[in-house]
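Here's a structure for you.
We just call them A, B, C and D in the order they show up, numbering each chain from 1.
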Amino acid sequence: MMELGMVGLGRMGANMAQRLARQGHSVIGQDPDPQARRRIEDEGLRSVADLPALVQALAAPRVLWLMVPAGAAVDETLDALLPLLGPGDTIIDGGNSNYRDTTRRARRLEDAGLHFVDCGTSGGVWGLAEGYSMMVGGEAETVERLRPIFEALAPAPDQGWGHVGPVGAGHFTKMVHNGIEYGLMQAYAEGFAILHHKKDFALDLPQVAESWRTGSVVRSWLLDLTARALADDPSMAGLQPWVDDSGEGRWTVAEAIDLDVPAPVITQALIARLQSRDGEAFADRLLAAMRHQFGGHPVKTA
Amino acid sequence: MMELGMVGLGRMGANMAQRLARQGHSVIGQDPDPQARRRIEDEGLRSVADLPALVQALAAPRVLWLMVPAGAAVDETLDALLPLLGPGDTIIDGGNSNYRDTTRRARRLEDAGLHFVDCGTSGGVWGLAEGYSMMVGGEAETVERLRPIFEALAPAPDQGWGHVGPVGAGHFTKMVHNGIEYGLMQAYAEGFAILHHKKDFALDLPQVAESWRTGSVVRSWLLDLTARALADDPSMAGLQPWVDDSGEGRWTVAEAIDLDVPAPVITQALIARLQSRDGEAFADRLLAAMRHQFGGHPVKTA
Amino acid sequence: MMELGMVGLGRMGANMAQRLARQGHSVIGQDPDPQARRRIEDEGLRSVADLPALVQALAAPRVLWLMVPAGAAVDETLDALLPLLGPGDTIIDGGNSNYRDTTRRARRLEDAGLHFVDCGTSGGVWGLAEGYSMMVGGEAETVERLRPIFEALAPAPDQGWGHVGPVGAGHFTKMVHNGIEYGLMQAYAEGFAILHHKKDFALDLPQVAESWRTGSVVRSWLLDLTARALADDPSMAGLQPWVDDSGEGRWTVAEAIDLDVPAPVITQALIARLQSRDGEAFADRLLAAMRHQFGGHPVKTA
Amino acid sequence: MMELGMVGLGRMGANMAQRLARQGHSVIGQDPDPQARRRIEDEGLRSVADLPALVQALAAPRVLWLMVPAGAAVDETLDALLPLLGPGDTIIDGGNSNYRDTTRRARRLEDAGLHFVDCGTSGGVWGLAEGYSMMVGGEAETVERLRPIFEALAPAPDQGWGHVGPVGAGHFTKMVHNGIEYGLMQAYAEGFAILHHKKDFALDLPQVAESWRTGSVVRSWLLDLTARALADDPSMAGLQPWVDDSGEGRWTVAEAIDLDVPAPVITQALIARLQSRDGEAFADRLLAAMRHQFGGHPVKTA
């Protein structure tokens, strides 16, 4: 059993702390928000408010798992942690950091004698119950030392996680994972939209989704979720057609182009999301204007 | 000089009749609508109300140019004309017929001893002044006989028209022409949308369009029209983002797939138009629902 | 238990006949090919060579499951069967027929007093062991009468199949199912291609695929197969980049356009397959020529 | 008439120097390569080998036009020029610099009391004869002072160039210009590929291109060049299907995503170029492997 400090007790961090604790690991959570701390304390876990308290509470060599928002928050956390830690301590970044940031941070931590491991983590709100999929980057020796942690967080000790390459490789792989996710989601969404618009068949969409969940070539966990969503609201009338993107899809597209890899489907899945939020639709207005110019085609005035 | 009956005096038919008459050809127009007839009579052309009158007014061997809406109207016109015409008469379909219909009709007319020529016609409302671009399909001898007509309608006798292949080839070529048009329009629309959204540069879009109209690699007639549209309304606030499609774009996409030719840009240009009219956006709603299911991501309720 | 005639003993038909027989149903197979018959006879099933023998061997009211190649073969089989069958008999088309053909055939069979049910069937070579996913179209009463058959073929009696709408709806749904499949496959393929080309990380692709198979958002049956393929040949050096398409993808794209539904990802997935087989690449050659024309850019001569 | 130093005498720089000189401006060219210098000297222009000589040869306040490859070469040239120049001197970057670099460089030059103007330049090898299209960014006063230069380089004094916004805006606009160019080129290439593959019509492609050049909606300068290329080699057999990209297309795609602007056509045009160079086609191989896994579909082994 290992001892681990969980930095950041948002939904993901709190759930992961709990899953580790349930499997017998000793986890101390840290978050400045008292409500966030209370949630895991209600589950019997110990928590502290700040990083110095966390570091003090852990025995060296320490293991800290960062579960803070990607971007500036990671750098700020590292800024705060570095003076507190010493050689041999290990930091795992389990968030959705850009792999280029990870590579840069790895050099900094290495210079300070620390070990740095990046862990792309998938599973969302279901991970506490079902286990997380983890793509781990870092030195083989360090990853091996952390094996009990990954085995506890994974769906099963030997499933759903892997050491995929050097530091940075974990976040790179997670980025691509999310790019694929965009493509898969869009494929299902388009398919159900076609079924929905075939009005003369009055297709039973929840039934279709259920039929596909077992036996079919398109069965998947995302389809399971889609079936739940369709069962709740077959016409989707309760939701606005507004689809956010959290960054990793666009990173994947940028990376594909950077590597000269054609990725039309992942790219179009991202573009579909941009489109869903493009309330102004300047291009479409200009197209209407052009058609009017050359063909006298009717337009709809605003 | 030749004698020709123009069947259909809509905007296109009336303009073409006028252009032919201005160049010295003898044109009789036909349209059941008195207003349509009056427009060309005001220009000094003769017109009749029905097809029997038109056929009677023309000396054999007759030349009839059909400028009626693609689809059923062409077949109905041919049904009405066939009993009235005799061997050696020629029918030119100058509309946007599907080339498969044209091939089918050609067999029927050939059996009746008639000549059939298909002419894909581009130029829109500008054709009267600037001349039309024409892609002509049919037997070489027949096309050669009609040469004075094409030379009069074209921007210049030896420019803007050509005999491109057997009957059907004219409409096929026009279909692809329109598919290209979709791609060109979408490329400009996207580019100007990017410029429009770069708010910190406050770019002068009419000025940009003007700068490109001469000397640049992207200069074109569509750009000239785009410049006019942007000069009228740089923010496009006066128009709704609703873009129709008139059939030839989707035929081009279907044909590309049928021929196993990858045509991603023409296809995406068509899809962008479908998107502009997809008020329900079922796919986007379902995507939002999926994201909520797996990640607890926030959604906008309707 | 029910009695059923299986028309066509190819891989799919033979496997389905066996699965039905294993669950206690009485199945007689029919195929002109002695080898195809011998395969199911080795499994203890009875078979006949021609349709008259099959019809004679079944007690009225008969149930016949067609598992013949989509297209002309279905019509030919119906031509042969119709004179042999009588009112009350039922034909199920379990193949990948175009739903428009199915609707047309339904009218013909209905006129003859027969019942017609269409069943889109997914599962491929794995169906015998794991069960098939089936999307069933037809009259509620008829489908209900056939319930034991669907329950036996499905992964579990109440899973993996459903009555989704009227006749035609089963094949329509299967068509869209395959369209989605194209999108899913392409999304995975692009993702792994990006990982493959990130040479400096030397990613362990089989390990990545394994990590994703449990716990991750992208877990699916297609990913399970992808993991097997990558484990066999991580560099894919043994295969040519040549991807066939079996028709339903292009039907889905055509249908989406016909229904005005934007489906960029399914469409691009189809286009990617066309591209994989476009050895001539005329468009790319022409692009190279254009670049040379306007910019003097270097080209590679053939 | 103005005096101007042209830094970089490659094809573009040499041609622009000549066009300026022909219109009466006093141009001194600079290039370390004696052959490059000789070319403009043969045209009666003066040239020098290095930057100190160039700066010394110009009277203050100096105007220098940089026509060096985008990227490091621009920074190196600025590093070398800065110590040589004084307040009031002006540098114009006429190359294809990334607008973000331009914004950064502008701050540096401004700190040194210099004026900095960015000019996106289009026209390629044809500019010497036809004039260049120029999108100019910078302070209004500075751009106004340089007006005679732009008027001389443009197709006509009041055509083909414009002051589109602050420094950076010129290169931003040129970047988008090139993105549009990608889309236009791909649209034509796809269209002609469809025509080429309609073998039963044996279409005369050079004739088609000629017919479209006047009167049609798709007429453009790129079409003029396409017609030349097709006239030279209608089957494109002489060229390999290998299409390079020079950076601005991918910058446009990245910028569109950054601004949340859906740009499917420009993006697919870029992806088509990546595809043309993707000899390995890993994704296609993996797709073939997946199809084999689930359906036993035949594959082509390498």
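We adopt the following convention: a residue touches a chain if its C-beta (ideal position, glycine included) is under 8 Å from a C-beta of that chain, and two chains touch if they have at least 3 such contacts.
Remember, it's a predicted structure, so these values are computed and weren't measured experimentally.
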| item | value |
| --- | --- |
| Both-way neighbours, i.e. chains that touch subunit D and touch subunit C | A, B |
| Interface with more contacting C-beta pairs, comparing A-C to A-D | A-C |
| Classification of the subunit B:subunit D interface as same or different, half of numbers criterion | same |
| Most distant chain from subunit D, judged by the mean position of its C-alpha atoms | C |
| Mean-CA-position distance for subunit D and subunit A (Å) | 39 |
| Intercentroid distance (Cα basis), subunit C paired with subunit A, Å | 33 |
| Per-residue overlap in subunit C, given as positions that touch at least 2 other chains | 124, 186, 188, 190, 193, 197, 217, 222, 260-264, 268, 271-272, 275, 283, 294 |
| Complex contacts: residues of subunit A adjacent to subunit D | 217, 250, 253-254, 257, 260-264, 267-268, 270-272, 274-275, 277-278, 283, 294 |
| Complex interface listing, subunit D residues touching subunit C | 11, 124-126, 185-186, 188-190, 192-193, 196-197, 222, 225-226, 228-230, 232-233, 236-244, 246, 264, 268, 272-273, 275-276, 280-302 |
| List of subunit D residues in touch with subunit B within their complex | 122-124, 127, 130-135, 137, 154-156, 159-166, 168-169, 172-173, 176-184, 186-188, 190-191, 193-195, 197-198, 201-204, 207-208, 210-223, 252, 255-256, 259-266, 268-269, 271-272 |
